[in-house]
Structure formats: structure tokens, C-alpha cells
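In what follows, subunit A forms one complex with subunit B and a second complex with subunit C.
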Partner chain A sequence: MNEVLLHAFNGLSLGSILLLISMGLAFSFGLMNVINMAHGEFIMAGAYTTYVVGQHLAPLVGGTDAGLWFLLALPASFLVAGVLGLLLELTIVRFLYGRPLDTLLATWGVGLVLQQAARSLFGASNVQVSSPSWLSGGVVLSGGVQLPYKRVFLIALVIACIVAVYTYLHRSAGGRRLRAVMQNRQMASCLGVRTRRVDAATFALGAGLAGVAGCALTQLGSIGPSLGTNYIVDAFMVVILGGLGRLPGTVVAALVIGVANTLLELSTTASLGKALVFALVIAFLQWRPTGLLALRTR
Partner chain B sequence: MALRDSTLRSFLWTWGAPLAVALPLLVAPLVLSDFRLNLLGKFLTYAIVALGLDLIWGYGGMLSLGQGLFFGLGGYAMAMYLKLETSGSRLPDFMSWSGLEALPLFWEAFRSPVVALCAVVLLPMAIASAVGYLVFRSRVQGVYFSLITQGLTLIASILFIGQQALTGGTNGITNLKTIFGFARGAASTQTVLYFVTLFCLGALYLFCRRLTQSRFGRLLVAMRDDENRVRFLGYNPVTLKTLVFALSAGMAGIAGALFVCQVGLISPSSMGVMPSIEMVTWVAVGGRGTLIGAVVGAILVSLGKSALSESYPEVWQLAFGALFAASVMLLPTGVAGFLRRHGSRLVRRHAAGAAAPAGALGEAAVAGPASAGEVEQSATRTEAPATSGR
Partner chain C sequence: MFTSGLDVEERSAAGSFRRRAVCFAAAALAGAALLSACSKEGEEAPAPGTAPAAPASDSATIKVGVLHSLSGTMSISEVAVKDATILAIEEINKAGGVLGKQITPVIEDGASDWPTFNEKARKLIQQDGVAVVFGGWTSASRKAMLPSFEELNGLLFYPVQYEGLEQSPNIFYTGAEPSQQIVPAIDYLLEQGKKRIYLLGSDYVFPRTANKIIKAQLAAKGGELAGEEYLPLGGTEVSTIISKIGAAKPDAVFNTLNGDSNVAFFKQFKDAGYTVDKMTVLSVSVAEEEVRGIGAENIAGHLVSWNYYQTTETPENKRFVDAYKAKYGAARVTDDPIEAGYFGVYLWKLAVEKAKSTEVAKVKQAASAGDIEYAAPGGLVRLDGKNQHTWKTVRIGQVRKDGLIQEVWSSGKPVQPDPYLTAYPWAKELVAK
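So, the complex of A and B:
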């Protein structure tokens, strides 16, 4: 029982990571119908930003243990990945508008370049990012189950991000424009929304969220140039399961896939668990081809 | 005059280009060293994959990121037979390493070469049909299809790595010494295998050409450009798509088997997510929607990779990523499409002095280039319906 509880908790934190990653994917997919294969590299960029901040800035702001640097690394990762995303949108994605498969391929090429750039800058081997001392240890439940603070922090971080994104979507002018363009691009454009600017902003926002995910991932293990590739296919499955461009659908899909992954791994083997999750996604599409919660448009 | 020009041009394009590719490949065994010939033979198997991928993507508009899986399945089916042949009555080495006592039942079937050769084609086709039917039935299109096939590939390679005792795990099936009684590594065997591969490539090329010029091919292009219209005309896109997907999978399976014969090993690293996208790059660079472009693209990109990545692996990945992104953006129809368009512009400039309107008439009179031109032009608009459907 305890083991199941622990695995469910781990699944929840995996799902949160997936959620952070796939939010950006889902929005740019819902908005522009493009899939960004370089999205995984934004995770990697965020992770390496955290690494650099930890290496160079940490001694200036109270040392590695104090952990102020980590709080600085979070926005830094967001910014670096976001700027990279903006550049990608401005230089490549916008010129391929209406050619989603080409976008997929071109962004994959960019992903290769980014991976290689990271390999040249930081070396091909994985690096370890140290943790602030307040993230070590965990909450001990009755029965001896320990929930690590790192994962608790991660879940809290993701919840904060969801709240922020929700607020942006539903309480700000930018979010209103985003929803308008997603529902009906031509109409929004006629009413004076600069749709291309909305596209770029959304893309950058999604990339930034992936960067935050990368920053969080540094606390769960070592990081390397191909960090993103481990998560990206699962994130695509989340997008497929969740339907395009809807926050609730993405949230549910990410948590389902995260928890299902870890729980099925527990009852079978790691490889079989993944296969089962995939089979479930395919089976689900038979029932609802447009995902959990599809956006209704006219 | 103009009519004769365009007839000549279409003749050059339909027969000259394939011959220009075939001739060097035919004389290659006389010129190249054994090692280089083996390498070229490997690239020819890639060209077979590219043909199948071009069929489904270039003509059918469905970008499959699962060709690596089918390539791997064909390869594994062949490798299982060769492994049993090499091992004789003993248990294959990796099985005894992972503590298996007896040969698993499904391996037993692969003692027969007939079963193995059938499995090479039928196994990938069966899986593609099953997944394709389920996916197409729920009208999954465009990017969704790509992502699902990619997921499938990932799962399969994870499964193959996980089942160490049955598949050889990360190492795959290695050390294949004999093939139908001949020593696999011998130069004479390799030369024969090269010609077998070349023959398969040629035969499949002609098959695909017949297919794309037939009603089936036209229907395929029509479906790519407007699936709903095809549906309303009374055709069933699900059957059509599933069939094409299965065909391309079968071709990838054949390629995988030929690959194993020449290289002597198969491992999950040649069937995963990365190789699958690499396969797409061959077609994208060569030119989707032109079969010969896919063949040339596969050979050229693989040549470039082996030439550059031997000496500068970092430069290769950097340059390839950038070049590929640029080529997708700037040359959406690939090298073949560019050459054709550029070539016809040159010809047109020459013909401009004679009679401009006659040139257009002449082009329409010859069915071949006109329909091929349509293919090329609409290749850039392939995905447009997907976005307008929102």
C-alpha cells in the first residue's frame, strides 16, 4: 500500500513536469496547428541555465546551500528559454505558417542544432546541479512513507504556474486576445487583434514554461544535452490525449499519463508500462478522436 | 517545335533521371573497394525505405515517423533466421547469456527461411494495417498521425531493449556469419547482396511508379489535397490510407532485411525515434512527391553523413540540423523539385523566342509532365486543408 502511495506521488510529480512541458506545446498547437519538435531543447536550455546560475551566481548570493540562487534560476530559465522560443518563432515558424508538417521537420532540425550547441558548450557528459539545503529531506507520513521535498516543491511550482497561466488567459488583455485568435483567427484579426504578435507571444510563453520545467528537472537528476528527448514524446501524448489548446484537458491528460506511467510500471515492467499507456491513448482516440476536451469553434 | 521540346523534356525526366541514377550504381562494383561497396549497398536499402516513405508522405500527405520501426521489424525478422542459421543447433549466444534454457516458441518458427522472408514483409504490414486502421478510422490527421507513429516507434524500441532474452536488448542481434550457407562477410557474397539490393530497389521503384501513375496514385494525391472531397465522391479514405501505410511499411521491412544481410547486425538504435526522422530527412531533402528524388536524397544524405560524421561528428550534427531546417523552409519540394522547376524555367527561357503560348499547350498535351507538375505544385500546399479546417 505504501509503495503504491509513493508511486502515485511520483507519478503525480512526473505528471506535473509533463504538464509544464505540454502546456506550451498544446497552446501553440491549438493556436497555430504547429508542433514544435525543438520544444524538448527548451527544457534542456532551462536546465543548463539553472546549471550556469548555480555555478557562477550562487557564490555571490549566499552560496549553494542557501538556495537564493535557485529562486533566481527559475525566472532566468523562463527568460532564456522564452527568448530562444521567440527567436525560433520569428525566424522559422512564422514563415511556415499553414505547413504544419514542414514546421515539425524544420523545428526538429533546429533541435539538432541546439543539442549540438549544448554539447559543444557544456560537454557531452551529464552534469549534476546541486540542491539548496531546504530541498533535502521530505515529509514523513504515517507508515514510514517519505515524500521528498523536491517533488513537493515541484508540484507546488507547477500549481503556481497553472494559476499564473490561468490568470493570464482569463484575466488579462493578452490572454483574451489569445483565446480570441484560438477560437477564430480571421474574426479576431478583423477586430484588430495582431494575430502574428499573439502567435509569437504564445510560442515564447510556452517555451518559457518548458524552461521552468527544465529548471525543476535539475533537482530530480543529472542533466545532459539530450535531456529534452526523454520527455518530449510523452508530452506529445499528453497533447494528443488532452485535445488542443484547452488548459483543463491538458492538466487532466498530463496527470493521467504521469500516474498511469508509474503505476503500470509498478505492476508490470518499465517497458511494458509505457506500451500499455500508449495502447490506452490509441484506444481512447477511438472513443474521442479530438481529445479529452476539444475546443468548440465555429 | 515547342511540342517536341516538352516531349523531349518529359522523356528526359521520366527515363533520363532514373537512368542517370541507375548507371553509376550499376558500375559501382567495378570501381569501389569492398568496404565502400558495402556502404553503398547499405545506402541502397535506405533508398528503399525512402521510396515507401515518399509514397505515404509525398503522395499521400501523411508524415509517418514510424518507418524506422518497420525497418527494424523487417531487420529483426531476417536477423532471427540468420542467427539461428549461424548458431546451428546451439542456442543463440545472447539467449544463453541472459539465462534462457530453450529456444522460445516464436523463434522456432524462424528456422524456416520461408517463414522469415514472409515475416520480413508481412509483419510490418500487419502492424501498420492494424495501427493505421484504428488511427485513420478515428480520422486522425496531419500532425496527430506523425506523433502517434512516433510514439509507436518509441514504445517498440523500448520494448525491444527491455526484452533482453528475446531480442538481444540494447546490443540487438549481432554476429551473423552465414546467409543461406554462404559466408556473409565474403567479398563475393557482398557483391551479390549489393546486386540483389539494387535489383529490389529498381523493381520497387518501377512498382511505385506504376502505382503513382495509376488511378490509385491519383486518388492518393486527391486525398492528400482534399480528403473530404474524396470521401464525398464515394471512396473510402480509411481503406486507401491503411493500404498505403501498409505498403510503405512492407517496403521498409524489405529494406531492413537487406540491411541486416549486408551489415550483419540489427539493434534498437537503428529502429528508434531518431532513425525514423532521419528517414524523413532523406525524402525531404531529395524531393517529396518525386520517387527518384527520394532515392537520390537517401543516398546523398547518407553519403554526406558518413563522409562528415566519420571525421567531424560535431560539425555533422550542427550542419545537418541547420541545412535541413533551411532546406525545408527554402526548398519545400527538395532538390528534385528545385531542379525540375529550375530546369523547366531554363527551357522556357530558351523557348520564349519561339512561341510562348504553344509551349503551354504542348505541356498540357503530354499527360505525363502535366500530372507530375500538379504533384509538384501541390506539394507545397499539402497541409493547407489541415489548418483551414479549424
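So, the complex of A and C:
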């Protein structure tokens, strides 16, 4: 029983991580059709922001163990990555809308530049972010099975992000404008929406969400210049499987891939499990090229 | 204002955009890998018919190549080794150089890309006419460079522990081979009464070869294989593997993970409730430099196997650590490959001085007597005359809370290198394959 619970938890947890890393991409790639290869580097920027906050701000707000700094690092990561995204949009991406191959190459180049910039700023070695004491350890079930608090926290964070994004999109003026522009740009423009500004804000929002993911991932994995490259492929896979332009699709796809990957890895090996997931995704897209929950388009 | 221009473009592309975007994204992911390889191809290749540069020893200085990944994923580890190599070169120059000549390092970036390593190695040998190259980290980079060193008769000093079963006439191996790191580590675990061993590694040549050796050793020495798992290189999703380890209930985990996966593994292993007193992990690719990225609190108490630690107590090591920190900053640490990158330069210098020439054939001839030895920071090291590997002291260490590593067992004297494990009857099958 506990075993089953543990595996279900692992699947849910992997799904939450996948959702966290792909939610930002669902905006820049899913909604705006920008093949944003620098998405991984926004995740990295969030992770390094968390590192800097942990190094310099933590002593001022109760020390590393108290963990108040970590709660501050979340919005800080959102802001830093969001501002980076905004700069990228204003200086490069906006000239390349509607030219996917060019955005692909340009953002990939920007990604490399950001990686090397991190290398120059923080050194090539991985850095270490300590965990707040309330994130160490886990819920102990009988039979020696333990559910780490960090993963519980990640699941909660993802739910919070979904709620925040949903509220923004459906309950705020900005979100309404965003949806209007993405659904019918000309009409929105005619009605006085400044589409350029909405584009920039949407791209920045996607980058900011990647920053939040980076902050959360410091608790699980390594923090180094090439951190983003570990996640970028998975992020694209989730968004494409979910269906472009559909945020609920991204949520479902992340959970499906998370659970499938855990189950397949359990019955085979890590490498084979991952390969099987890729194969299944490809097969599914052959059958339904528009993804799990695609918009009906003419 | 500028919305209008943008909208014209968008309108034209609007129709089939969604489907195309998917195709492009897929092409992007595949293409990214290809591009990174292609863009470096052909760059810096010497024009056909260009004669190799004049032998380095004719000029006023001796050129040597330093070839490590200064960018890309492997730069995490390799930059520090390059720094140590440069430190040794500067020390030698200050003390009067080699054969009365100063050494000029030619530094190249392998960019964590194996074809690039090969290109740069050819460039160093053919265009720069270097007397020797110090470099490489991954076995993939060494295997990529090996044919060029043999074809062009270059000389490579390779500073990292590796899976053994190799012996190129043009390579001196200053890192450990399995009998100097992995085999004694398993012996140590068995002596401690840890019979059921779980093998965990990254999915590439080194861990898979190492685990083949370990499985033969366990079978011969009464150990038991509790399980074997490989994580894709760079993978960070380890929760399922940790569950599998938990279910197998081994006495110890033998860890050949490389790079970022180690960080994810140790962080999540601890959070899953496996403290060091419940299950010991012995790692062979985690040194002081990697401990910094993992976080000492996540790995303290676990074991590692190497030939050198920053805490190794020799007068040479105290001097080496001081010099390294003085040059590169007090926050830096030294570790095994860093030390090997450092003393490799001195071993080459001694061989050159004995040969009275930097010519590859003469240097190899000088080393073949097996009497080139140097008091390295980790104790005496000696180039083996027959297999061109290095006699090194084996040390098992335990990670301390401050991130340094404390020796808990040592072979006490340099161990003879045996890359084909000829001294172990149980390894016969492996070598035959």
C-alpha cells in the first residue's frame, strides 16, 4: 500500500516539476508561437537569483535555516527572469514575430550568451543553495517510506501558480487583453488594445514563470550555468503534447508524462523509461497532431 | 505606432502557423545538437599540404598544449584542472624552465564537444607544433583524441581516473585506472561487512565498464549485487531510482554518477530519509570540487575513493594548496584530477630532462625505464615503464561537514597500475571481451 502511494506521489511530483518548467513556455511558445530556446536560461536565471538572495539577503532576514529568504527568493526570481524576458522581447524577439526559424536561432544564441554570462559572473562550477529547515526531511509513512517536504512544497507551489495564472487570465483586465490579442489580434487592436505592449508583457510573464521554476528547482537539482539545458527538451515536450495555445492542455500533459514516466521507469530502467515516454508522445502526436486539448482551428 | 508593421507580418503567417510551429520546435531540438557539432567542424583545420611546424625544441621556448573544456557542461570540472596545469607551468618557468627553455602554454577550449577536442588536438600538434598536450576529462573526449595522437605521433597527458582497458603508446595516464580506485573501494566495502551492493551510474561508457568490473569482483569475492541502475547523463529526476534502491535494501550504494546528476541524487536521497547511518554511498566521481555544488550537508559522512584529497598530509601538498589558493582565490579547493593535472607537467618535465629532448619518441624512451618519479602533493608518483600509467597511492575518504574529505583508509604506498587487471583472476573474462 505504502509502495503504491509512494509511486503515485513520485508520479504526481514529477508531473508538478514538468508543469513548473513548462508553464512559462506555454506562454511564449504555446500562446505566442515563439520557439523560445532561451527558456532554459530563464530557469537558470531564477536559480542563480535564489542563490544570490540566499547568499546576501538570508543573513538579514533570520538566517538560512529560517527560510524567510526562500519565500522572498520566489518573487525575486520571478522579477529577474521576467525583466530578462522583457529585455529579450524588446531587443530581439519583437522583430522576429512570424519567423519561427529566425526566433529559434536568435533565442538559442541568446541562451548560449546567458550561459556564458553566468559562467563569467558565478564561475563554471555548480553553486550550492541551502534548504530552509522546514523543507528538510519529509512525511514519514509506516514501512520506512518518506515523502520529502520539498516535493510536497513543489506540488503546492505549482497549484498556487496555476491559480495565479488562471486568476490573471480570467479575472483581470490585463488577462482579458492578453486573451483578446492572442485570439484575434486585429480585432483587439481595432478596439484599442495596445498589442505590442501585451506581447511584451506576455513574453515577460512566461520568462518570470520560468524564473519561479528555477527558484524551486534549486531545492532538487544542481545550480550551474548549464542547468537550463537539463529541462528545455522536457518543457517543449509537455507544451507540444498539451496542445499549443491551451494552458489546461499543458497541465494535463505534464501530469500524464509525469505519471507515465514514473510507471515506465519503475518497470524498466531510467534511460529506457524516458525513451518509451518519447516514443509514446511521438505516436500520440501522429494520431492527434494538435495535442491533447487543442483548439479547433480551421 | 509600430504595431501596424508587425501586424502585416503576422497576418501573412497566421494561417498554418500552429502546425508549422510544432514542426519547427521538433526540428529545433534535433537541430540544436547537430548545429553545435557542425559549426565547429573544419574550423582551424590546417590547409592541406601544410608541413607541420618546426619541432618545438628548435625555438627559444617550448610550446605545450593545454586542452580542456572552458565552456559547455564539462567546464564545471575542467577549468580547475586547466588552472592547475598552468600553475605547474608557471612554477617550472620560474625555476628556470625545461632544458633551459621557458614553456609557453597554448590554451585551447574543447567546449565539452568530442569532435572539437579532436580538431583542437590536431591543431595543437600540426599548427602549433606543441611538444605535449595536457588535457581531456571524459573518456569520450580521450577516445576522440586518441586516433589523432597516434596518427600524428603526438603526446597526451590525461589527468582523470577512467575505466581502464586501454593503453595507447601516445598517452600517459596520470589518473587512476580501476585497480587503483574502484577495485580497492569494493574491497573496502566488503571488509566493512557491506556485502549487498547497489550499483548506480550515469548511462555512458565509464559507469557501465566500471560496473562490469565490479560485478565480476563481487561474484569472485562473495559479495552480492543488490541492483543496477543507470540515469541518463545530466538527468535530475531520481525519485524513482531512490524508491528502487529503497526496495532493494542494499548495504551500500556504489555511485558512478557523473556531473549534475550527483547533486540531484544526494539532495533527494537525504530528503527521502536515507541518512548516512542508514545507507552508505561510495562515490568515485565526487571530489572536493563536486562536494561544493552538492552542498556538504547533503553528502557529509558518505565515502569516496580517490588518490588524493586536499587534506592529504604531505609537505608538498601544503605548498601546492597554498600556491593554488594564492593564485586562484582562497575559496577554491583542490582535488584529485586537479592534482593529477598539476603533477603531470612535472612528470613530463622530468622525462624531457632525462631524454634531453622534447621529441615524443625520446621522451617515451626515457620513461620506459620506469624511473621517472616525482614527489607529488598526494605522495610519490611514478610513470610505469610498460603501460604508461602512474603508480599512485589509493585512498578511501569520508566527506566532512566542512566539505573537505578525510582519509579513512590508504594503501600506504603507490599501487602499481594494471589497466587490464591482469593480476586479478576474476577479470580474465572481461579483458578477453
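To be clear about the criterion, the second predicted complex is superposed on the first by the 283 of 298 C-alpha atoms of A that agree within 3 Å, B and C clash if a C-alpha of one lies under 4 Å from a C-alpha of the other, contacts with A are read in each partner's own complex, and residues count from 1 in each chain.
Heads up, the rule we're going with is that a residue touches a chain if its C-beta (ideal position, glycine included) is under 8 Å from a C-beta of that chain, and two chains touch if they have at least 3 such contacts.
Quick caveat, the model's predicted, so the values are computed rather than measured.
In the superposition on chain A, A:D102 makes contact with subunit B only, not with subunit C. By the document's definition of touching, neither partner reaches A:Y166: not subunit B, not subunit C. Between subunit B and subunit C, more residues of subunit A are touched by C. After overlaying the two complexes on the shared chain, residue contacts for A:F122 are found with neither subunit B nor subunit C.
By the touch criterion defined above, A:F29 reaches both subunit B and subunit C. When the two structures are aligned on the shared chain, A:Q146 is found in touch with subunit C, with no touch to subunit B.
When both complexes are overlaid on chain A, the residue A:V233 reaches subunit B and subunit C alike. Once the two complexes are laid over each other on the shared chain, residue contacts for A:I223 go to subunit C alone; subunit B is not touched.
In the superposition on chain A, A:V110 makes contact with subunit B only, while subunit C stays out of contact range. Taken together, the two structures place residues 29, 33, 35, 98-101, 104, 108, 116, 119, 185, 229, 233, 236, 240, 269-271, 274, 285, 289, 297 of subunit A in contact with subunit B in one case and with subunit C in the other. Residues of subunit A that touch subunit B in their complex: 29, 33-35, 92, 95-96, 98-102, 104-113, 115-117, 119-120, 185, 229, 233, 236-237, 239-240, 269-272, 274-275, 278, 281-282, 285-286, 289, 297.
Contact residues on subunit A toward subunit C in their complex (touch as defined above): 3, 6-7, 10, 13-14, 17, 29, 33, 35, 37, 94, 97-101, 104, 108, 116, 119, 124-130, 136-138, 140, 144-146, 148-151, 185-186, 189, 194-196, 219-227, 229-230, 232-233, 236, 240, 244-245, 261-262, 265-266, 269-271, 273-274, 285, 289-290, 297.
Touching subunit A in their complex are the following residues of subunit B: 57, 63, 131, 134-135, 137-140, 142-144, 146-148, 150-152, 154-155, 158-159, 161-163, 273, 277, 280-281, 284, 314, 317-318, 320-326, 328-329, 332, 380, 382-384, 386-387, 390.
Residue ranges of subunit C in contact with subunit A, taken from their complex: 2-3, 6-7, 9-13, 17-22, 24-26, 28-29, 32, 70-73, 75-76, 79-80, 203, 229-232, 234-237, 239-241, 243-244, 246-247, 259-260, 262-264, 267-268, 270-273, 289-290, 292-295, 297.
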